[in-house]
Amino acid sequence: MIRFGLLGAGRIGRIHGLNVAARSDARLVSVADASEEAARNLARAAGAGVSTIEAILGDSGIDAVLICTPTDMHADLIEAASRAGKAVFCEKPVDLDAGRIRRCLEVVSASGKPLMIGFNRRFDPNFAALHRRLHAGEIGAVEIVSVISRDPGPPPVDYVKRSGGLFRDMMIHDFDMARFLLGEEPVEVYALGSSLVDPAIGEAGDVDTAAVLMKTRSGKIAQISNSRRATYGYDQRIEVHGSGGMLRAGNIHETSVESATGQGFRADPVQNFFLERYAAAYRIELETFIAAIQSGHAPSPSGLDGLKAQILADAATNSWKTGKPVAVTLD
Amino acid sequence: MIRFGLLGAGRIGRIHGLNVAARSDARLVSVADASEEAARNLARAAGAGVSTIEAILGDSGIDAVLICTPTDMHADLIEAASRAGKAVFCEKPVDLDAGRIRRCLEVVSASGKPLMIGFNRRFDPNFAALHRRLHAGEIGAVEIVSVISRDPGPPPVDYVKRSGGLFRDMMIHDFDMARFLLGEEPVEVYALGSSLVDPAIGEAGDVDTAAVLMKTRSGKIAQISNSRRATYGYDQRIEVHGSGGMLRAGNIHETSVESATGQGFRADPVQNFFLERYAAAYRIELETFIAAIQSGHAPSPSGLDGLKAQILADAATNSWKTGKPVAVTLD
Amino acid sequence: MIRFGLLGAGRIGRIHGLNVAARSDARLVSVADASEEAARNLARAAGAGVSTIEAILGDSGIDAVLICTPTDMHADLIEAASRAGKAVFCEKPVDLDAGRIRRCLEVVSASGKPLMIGFNRRFDPNFAALHRRLHAGEIGAVEIVSVISRDPGPPPVDYVKRSGGLFRDMMIHDFDMARFLLGEEPVEVYALGSSLVDPAIGEAGDVDTAAVLMKTRSGKIAQISNSRRATYGYDQRIEVHGSGGMLRAGNIHETSVESATGQGFRADPVQNFFLERYAAAYRIELETFIAAIQSGHAPSPSGLDGLKAQILADAATNSWKTGKPVAVTLD
Amino acid sequence: MIRFGLLGAGRIGRIHGLNVAARSDARLVSVADASEEAARNLARAAGAGVSTIEAILGDSGIDAVLICTPTDMHADLIEAASRAGKAVFCEKPVDLDAGRIRRCLEVVSASGKPLMIGFNRRFDPNFAALHRRLHAGEIGAVEIVSVISRDPGPPPVDYVKRSGGLFRDMMIHDFDMARFLLGEEPVEVYALGSSLVDPAIGEAGDVDTAAVLMKTRSGKIAQISNSRRATYGYDQRIEVHGSGGMLRAGNIHETSVESATGQGFRADPVQNFFLERYAAAYRIELETFIAAIQSGHAPSPSGLDGLKAQILADAATNSWKTGKPVAVTLD
């Protein structure tokens, strides 16, 4: 029985907290949030108590913490929790600054405690099955990895301003997915970005439409395509072209219903909301974290995976700003 | 807060019991099963107590019972529970004998208590969406309803022998679905049946492959096609042809992954297990039952729906045996 | 080089005539039609001459005739052409009367000349590939054959009146397809029919919506579903369920374009016109006829196939009228 | 009646020659080829005569020429034919050198005669329908254009050596398609290329796997992905993401047959051969050229379209070699 403390009871904290509560091999002990009401609501639904961050980190009855606070608290909390001897699961990103991440990971490393980063998409059953089949050699050697991510709609400009920019806030998931699928580290990143969806995003110094090309040392290619707006839902697709064929995982439609009329055949939009689209992924992600704690094996994706995705996001941001490809060293 | 007693802790009882336990507006109070171990296991997982049928029916703190026992106990338990003032949810069928169902429904009617029958497929989000759009007039008047149901594999012959036969055991779901979609009662049933999957099923006096045609008074047509074996999974499809177009709901594949090689493009088999395929349906079914209790409105599908499906199953069995179409009166 | 005469320069005659003209191993020599203008137009387009039926049948330089006249001339012309020593291709049906077909086939048989009947759908590349794979054992033993045929819109009532009725005019293609796929002759036919599309069709004594169930001696089942109207195009689907899996051939959409918007994902209607949908089938059908003439092997589908489909159509008509299944003997 | 001369009777010349022969508004008069046998075979099949390039250009009875010779003769022949007063259709590319193309187009311009370049994919009915709907505003403003082209297998290295390289030989079609769909000229090109399919291609100084990113002045983005090998057929897909939704055109499978077994659902590979995949495109392309001659309107795609695609291909080659994005000016 792993005993959990939850730091942050917002949208994603609630998901993780309820997923802990639904398990028989884990228990949600305490919830802390700046909003006591948010903490109390979730604690009630999950059969947990309300507490503070300090108390949770100091509670020797708590084995593991889930960090779901605002991004700017992540690195500090990871360090504090590791030092307090807790296993740590932290939502991406560790920090918007790669240097800060490096220092944080050193603290974690010194603590000897496990750290797992919340790249939830690796645990989507569709993407995980694709990855498994890819690594089993079903289509031979990987040659071209394509990732398409398009959000249903753009976030508020206030959010954009403190997000670190599209490459760090949104495309970071795709950098992780590209690494996951390539099986070899990128050595160069080239990025294009535009503000086509909402001019206010451009005025805030960010982009809402972007594409990236990366190559690995042996010449494998990754393409990433992002938009902050897709009228037809939350567009999440991956495709890998290999020496022996192709593997892809498509979108999940709201229902399997199809109509046919004089206007043609119509299927539903794709699932619109990331918490719905990735509900199973969040459950399996937590299960994987618990299994890692139980087995004593290092969890994956690791803090290092978080750092590498951040370095790629930094490189893409840099490439977009300078108009030039940017070399990276991840090995 | 609706307080539930569960009669029968087998495979389907477990689903319903855990679904109750996961809700905040309902509580599973007690579980009864001939196997005390089964009852205890489920009670533990659901935070309930273990009890007996008699005690549950006599417990004034219990508002509603879920009847998930073997079929031959259904009618007696429905009557006893109604008389005890409980709202009743009972798995299909009420009984294998239509006369027995009629008498049972009279007892329920006299009790004034709600009875809902577990035709779970009506609550599948795909089929429910199709039904909603159909009744909103999206494809005009209904003309041809087609239902395809194929199980992954045949049941043991021992089960077949006491099942009432394919038409009553398996196709009964499709009779209910056809009625649900037709919006008008069938007046005639013609059935073909063969034993092509397992000769032992034929020797036991039953069929494993069957097809039915039904027509309504105004000339609408329903086609049903059943097999006890589909190598590619649990095949569950509906299609309605109307004056303005067509609506259909297809199968759910295990994942959205597709591969492409020299052998072509390959998608996953469809979900293989009815408890997985209809997991959402069971949740929504229970939610619907609870909402009916709370609102005081009669639940649907009702006991009468259970009776009518049984009459159609009887007619089909009769048609198969005599080789002639059989008239039915459901209005 | 096979030299052809064409009897009948209507819509379907034009297709066959131009297909002959496009080949290097065949030549269209003469065209005859009651409308000299129709004959002249086609003759010009195909590089052929205009002639009369009598002259074509009497022309020793003509090896083969294509009979594309109105149905009521088919049997007489088949007989006359066979007696004149021509290889004969005749559009379905040979005649609306099975007795007349039998006498006609005796004349053909006595002539020793080949006769092929225009069940074009057997030559559709999709259906032909399905048939080939089925007979190669890809899904084991055939158990359930399903055929769905829905026309884009109903024919004029005048046509309906002299058509022999839906079962003989429209479903006859599906009877042939069912036989083609079953690999075993039906022994019983049950039919339902309604007039739901156009009341005038009902008033003319025919149906516009129909479904049939057939079984073979060993218990294989065939389902056929017809409507005279499908708003989304010319709906032509086949599916075979077997002991080892399922094979199906779907509709052909007008283009491969798909759009996605807030209303969902939209694909084109299916090809609307039978001459477009089956353009390749008509070409391959002719090629098959020519190959049969060249090789001296009996062409398929044969006159007997035409007779058997007619017997099934008669049985279905009879079943619809009497409300009872009708036994047939085709072996 | 447009009278045609054909220069070059190879694989693609044969397609165009037979397409001319099949029309009623055009006639193939003469065929010239370095191989007299090739010329004679095609001439016979198309009802044309055999001649020489000089004689065809000097024949006042010939209105238009189709240039299907090796690439290094294209520019000279276009100039000679234009000067001889012929309408010219020339296969892509005009030349591997953009300067040479410019001089050639000046000659054409001075002649006042029409020149059309064979970017056949614009005429594919699927891609043309997508383009039409895009320009009708169905998905609002264009934001991201994606083109995927993968050949079934790599060409011989001898061909690669004189091809101008993948970007000029293969991706040139995709540059044209990207321009066709973007509706705005690219201003910058970045290319990645690798030799992953056949090391001999790399040794010959070329790539067999490549990806390109382009942007337009207003910030629209185009992504192109190429491989010289796809085990599942000739992979040809386009997708446009716009402010109001998405439009895409997928691959064409060999048949519509689908099987389902314990291994899942299997559809056919996609059409494998470009002459089959684009058969309709070649017919419509020729029809468009003829219509342009008849109407006196300038044909499209024009010589300038040929030049612009070449400039993009040059820029991509340059980008791949230098590792830097390359600015282009096409307006």
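Lettered A, B, C and D in written order, each chain numbered from 1.
One rule holds in what follows: contacts are C-beta pairs under 8 Å (C-beta built on N, C-alpha and C of every residue); 3 or more make two chains touch, one makes a residue touch a chain.
Computed from a predicted structure; not experimentally measured.
When the contact pairs of B-D are matched by residue number against A-D, B-C or A-C, more than half turn up again in A-C. Taking each chain's centre as the average of its CA atoms, chain C and chain D sit 40 Å apart. Chain A and chain C have CA centres that are 57 Å apart.
Multi-chain contact residues of chain A (touching two or more other chains) are listed as 230-232, 244-246, 260-262.
The touch graph of these protein chains is complete, with an edge between every pair of chains.
For chain B in complex with chain D, the residues that touch the partner chain are 230-232, 253, 260-270.
Across the complex, chain C meets chain D through its residues 22, 24, 45, 125-126, 129-130, 133, 138-139, 244-252, 254-262. Across the complex, chain D is touched by residues 141, 143-144, 146, 150, 188, 190, 192, 194-197, 209-211, 213, 215, 218-221, 223, 225, 227, 229-232, 235, 241, 243-246, 323-325 of chain A.
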